[in-house]
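See below for the structure under consideration.
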Amino acid sequence: MGNQILTIAGLNKSFNGVKVLQEINLDVNNREIISIIGPSGSGKSTLLRCICKLECIDSGVILLNGRSIYQKDFAKKPGTKIGMVFQQFNLFPHYTVLENIARPLMTVRRIDKESAIETARTLIRKVKLENKEASFPRQLSGGQMQRVAIARALAMNPDIMLFDEPTSALDPELSGEVFQTIIDLARDGMTMIIVTHEMSFAEEISNRIVFMDHGMVIEEGNPETIFHSPEKERTLSFLKRIRLIS
Amino acid sequence: MGNQILTIAGLNKSFNGVKVLQEINLDVNNREIISIIGPSGSGKSTLLRCICKLECIDSGVILLNGRSIYQKDFAKKPGTKIGMVFQQFNLFPHYTVLENIARPLMTVRRIDKESAIETARTLIRKVKLENKEASFPRQLSGGQMQRVAIARALAMNPDIMLFDEPTSALDPELSGEVFQTIIDLARDGMTMIIVTHEMSFAEEISNRIVFMDHGMVIEEGNPETIFHSPEKERTLSFLKRIRLIS
Amino acid sequence: MNFEIIADNLWFLLSAALLTIKITILSFIVALFISFIVGTMRCEKIPNSVEKMLSIYVEIFRGTPLLIQLFFIYYGLPSVGINMPGFLAAILGLALNSAAYMSEIIRASINAVPMGQKEASFVLGYNRFQSLLHIVYPQAIRVAIPPLMNSFSSLLKESSLVSVLAITELTRIGNLIYTRTYRAFEIYLTLGIIYFVMTYTVSVISKKIEKRINKAYVS
Amino acid sequence: MNFEIIADNLWFLLSAALLTIKITILSFIVALFISFIVGTMRCEKIPNSVEKMLSIYVEIFRGTPLLIQLFFIYYGLPSVGINMPGFLAAILGLALNSAAYMSEIIRASINAVPMGQKEASFVLGYNRFQSLLHIVYPQAIRVAIPPLMNSFSSLLKESSLVSVLAITELTRIGNLIYTRTYRAFEIYLTLGIIYFVMTYTVSVISKKIEKRINKAYVS
Amino acid sequence: ACSQKSETGMDKTGQDNSLKRVEEAQKLTVGLCAAYPPFESRNEKTGKIEGFDVDLANALAREIGVDVEIKDAEWQALLGGLTKGDYDVLITCMSKKEAAKENVNMSDVYYNLNDVVVVREDEKSINSPEDLKGKVIGVQLGSGSEQIADKMQGFKEIKRYNYNPEAFIDLKNKRIGAVIVGYAYAVNQMKTEKGFKILDKPLESSEIVMVLRKGEDTLTQRLNEAFANIKKNGVYDQLIGNWLKV
């Protein structure tokens, strides 16, 4: 329990009276990699958005390293930073690749320009975009954009990274490079929650799979169990449908 | 020769200096049904558009019932009317189904309202949309819209009907009803030129198939020959590609 | 504060407002007429010289202040033999000015009608004019109505400028009352309210029409 | 026709045109400032009462004629103790009027920035203000520049109305020469040309800027 | 540019038919600018235009045996309007100097009006016209007072208003130091609005006339006769008593 990094308990969330998340309980240990799967509209994105405070919640607790994310000075304490990677990348179009990573450091962390650029360069190397640092997002491929987005999130030195379908907006050929970047991160020991529809990727990378439906966690367990001998009927039928399509 | 309804000879057409139709010769006999096939950009639509004077031509002759379509009083003589059905239907959105068919009769032919409506009703029955006559186009399915478009063209009592990919904008389920309408027309003895990518339909309905590529008629002949033992290499490779896809 | 003056003159103010409305409606009708012709012509194939002339008309009237246009028409034109009463000059000036803007609205609305509509009507045998009248206009108008209502509002406000041509519409009546009473605050406040009520009414009507159009298009 | 009068007064006219430009630029700057504040506030979560007030401001200034607004500010407000020189009243009137329109442009431009941009910056730890300054504005401005240039042109033309506050800008000088010479045709024609040259210049610059922006966005 | 003038003043033979025209129309059209009490202004109670000039016009018309139509117009537009043919005569407290800008006919002088300097009651620094040096003064655009002001030297600035009332508002609000205006107006002004005083020493005297189109001598003569009559029969003095008694 001592290495539990994220704790979600009794989380409820509704939009205009419609329950979208119901009594979610989820613990994430340090260095753990969790994939969330489930049909469209099951609340996966909403869960991630609650964790990074893009949505406010109706009830429940979300603790990061033992501190409620709703504490006033939450983001200022060490060990309380959350990185988020969006399906649509959401790079800043008016910044170059380098600026996309360095500027937030300067603006939010008040780090001086030189160190910010240095950090940014290190991360650009990490996602293998050395020759693109002066490019603008519109000059990049989707896969490259997503890798920049990952580097940008990493630059803030987060304790946990959230990925919301990081490859859904990409052509299959481009998904590979993004997966590789995430796998590299896993190797470095980053704690991650990944929402994805790519079952083989989820199976390969995760310590744990969480299956959601209708705003509830239906089943969770190790990839082996969930993908090959799930307990619940609903999980099984979802997996069947998904495999049919892909 | 006496029953040749449409004669195209030495037709050339270019857009901004780019040749789109080159030395097209095509004769259409009365009651004949011709399908034009060919790859995208080969000039099929442009050919139809030249025949119905939506495009002007660079050189060549187009005769309908022996009269040049560019003669001054062309459209006023009997036996010189051309019907056209578009891929995008182009129904008039501010008219009901009934009005779409009756109004052109009233405006163009100066037929009085009662007779126009009567004619329109007959045609609506023919395309089996009796219960839709008061609907607006936006309230119809694509297949229904296309049938109204066919009825509208028929109302002008044309000597020949041109169809430019009449089902390309439709879901496969809806294509059937449009094909059926065209088949009914064929049975009534209407002369038709049909541009289509639906090879099996073309094979079933046509007396003759014309294969075009790069603005030229590459090969023509009866469906049997063209589809099963074409002479030209290009025809063969086109048909192979098309079959692969569908 | 002394609103007695307003009470005393309310009747005059309201009848002047009526004149303002009359001027607005008249010039709007003229502008509508001009803008339909100009806007339509600029969408059709017309001789290059005519197109040039129309575009110059639009550019000039959009590129210079209405006030100057009014002065020019009323005070300037008589010296080249074109002499008209103030009321006519006002209507003409407002209409020519608005029509320059409105013709661009009409043009955009006509261009918003899909090409296929014109083609379909042509193939059915409509001539240019019939196609325009029966097929293009009815569809273009739906697109044009909201911005045209907006033009109407602008015209209502801009009609205040014709007070400089000594037409006793709302603004000038305000000025005249003010000459005798010096109660600028009360008078201009009242004028503002009257104008606001008028433009607000227009915008309410406009929203209703828009809603009805959208509804008709969606259902 | 007698354009000697114009030649005689050309210097006069051009220096008045300079004042017109000065008035326009000054009020544009003030309007820009107001419209950024108003437009931004109306995009953010603000107390309902404040939102109401801002929307009333916008509606009133868009719903009444500028002429009345100018009269009210200059001649009306002194009676409630707000007394300012004509130049200031002119700038203020023009700016408040334009800002009402421009704030809607700013609002639309901010809303045109995809929600994801604000969310991304929020997740990275930007506060509201930083997000606005570093992420939202730079993107909104690209969208806003063409319509804002248009507002500038309108302002240039509307500045002719401040002649009623006895400010000797271009239109007033024209009137002055007119009452001395009665050569309305030549004078107002010249005024028209000067205004046209100014607005035309603005529109040329505006098109250049637009092109550059589009290029930057496409390449 | 002068050709259009013949359509009003002269008939085809170049004869002056102005009197005939008025008599035939049974109407004398009088142009004035109703922002100059007590000569002409709009009564804020009745909404009618009233004043010395209006009554004078009526008295003269009665002598001639025709009706009067009053047309209100901008001061700056009056002379232009007269030449255009909008009015038969201007009776609007216009001085010879004001009218001389245009080639016009003038009647006999019907009033002598001093121009005076008006200042705030509490004004200490301006006691005579000489004190106006270095001050901002206000006048009505295009008026005789403006001409006087232009002739005098040494002002800081001359502010030219569309109407005198605006000048007085600015005077009251201390935006300017003095207003130069006709004596009668000044007196009337001080009846409605307290807080001003007139400097004892008048500036210049202006001869007020009726203004007609150039060459319309018959009408000018007839008006002069009529004026002589009402002066003789006491009507004129009565009007003076009604409007211009100080």
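Just so it is clear, A, B, C, D and E label the chains in written order, and each chain counts residues from 1 on its own.
One rule holds for everything that comes next: contacts are C-beta pairs under 8 Å (C-beta built on N, C-alpha and C of every residue); 3 or more make two chains touch, one makes a residue touch a chain.
Just so it is clear, the structure is predicted and the values come from calculations on it, not from any experiment.
Participant: From chain D, count the fewest steps through touching chains until chain E is reached.
Facilitator: 1
Participant: Would you mind naming the chains that touch chain B and likewise touch chain C?
Facilitator: The common neighbours do not exist; no chain touches both.
Participant: Could you tell me which chains are in contact with chain C and with chain D alike?
Facilitator: E
Participant: If you tally the C-beta contacts, which comes out ahead, C-E or A-D?
Facilitator: C-E
Participant: Taking each chain's centre as the mean position of its Cα atoms, how many Å separate chain A from chain B?
Facilitator: Whole-Å distance between the two chain centres: 54.
Participant: In angstrom, rounded to a whole number, how far apart do the mean CA points of chain A and chain E lie?
Facilitator: 84
Participant: Do you know which chain D residues sit against two or more other chains?
Facilitator: In chain D, 75, 78, 175, 178, 184 touch at least two other chains.
Participant: For chain B, write out the residues touching at least two other chains, lowest number first.
Facilitator: none
Participant: Using the touch rule from the top of the page, what residues of chain E touch 2 or more other chains?
Facilitator: Each of 1, 80, 169 in chain E touches at least two other chains.
Participant: Taking the top-of-page definition of touch, could you list the pairs of chains it picks out?
Facilitator: A-D, B-C, C-D, C-E, D-E
Participant: In the complex, go through chain C and note every residue touching chain E.
Facilitator: Against chain E, chain C makes touches at 5, 8-9, 11-12, 74-75, 78-81, 83, 85-86, 164-166, 168, 175-182, 184.
Participant: Could you list, by residue number, the parts of chain A that touch chain D in their complex?
Facilitator: On the chain A side, the touching residues are 52-54, 75, 81-84, 86, 88, 90-94, 103-104, 107-109, 138-139, 152-153, 156.
Participant: Under the definition above, what is the set of chain D residues touching chain A in their complex?
Facilitator: Residue positions touching the partner: 114, 116-117, 119-126, 130, 134-135, 138-139, 217-219.
Participant: With touch defined as at the start, can you tell me which chain E residues reach chain C in the complex?
Facilitator: 1, 3-4, 33-35, 37, 41-45, 47, 72-74, 77, 80, 83-86, 163-165, 168-169, 192-193
Participant: What residues of chain D sit close enough to touch chain C in their complex?
Facilitator: Within the complex, chain D contacts chain C at residues 59-60, 62-69, 71-72, 75-80, 153, 157-158, 160-161, 163, 171, 174-175, 178, 183-189, 191-192, 195-196, 199-200, 203.
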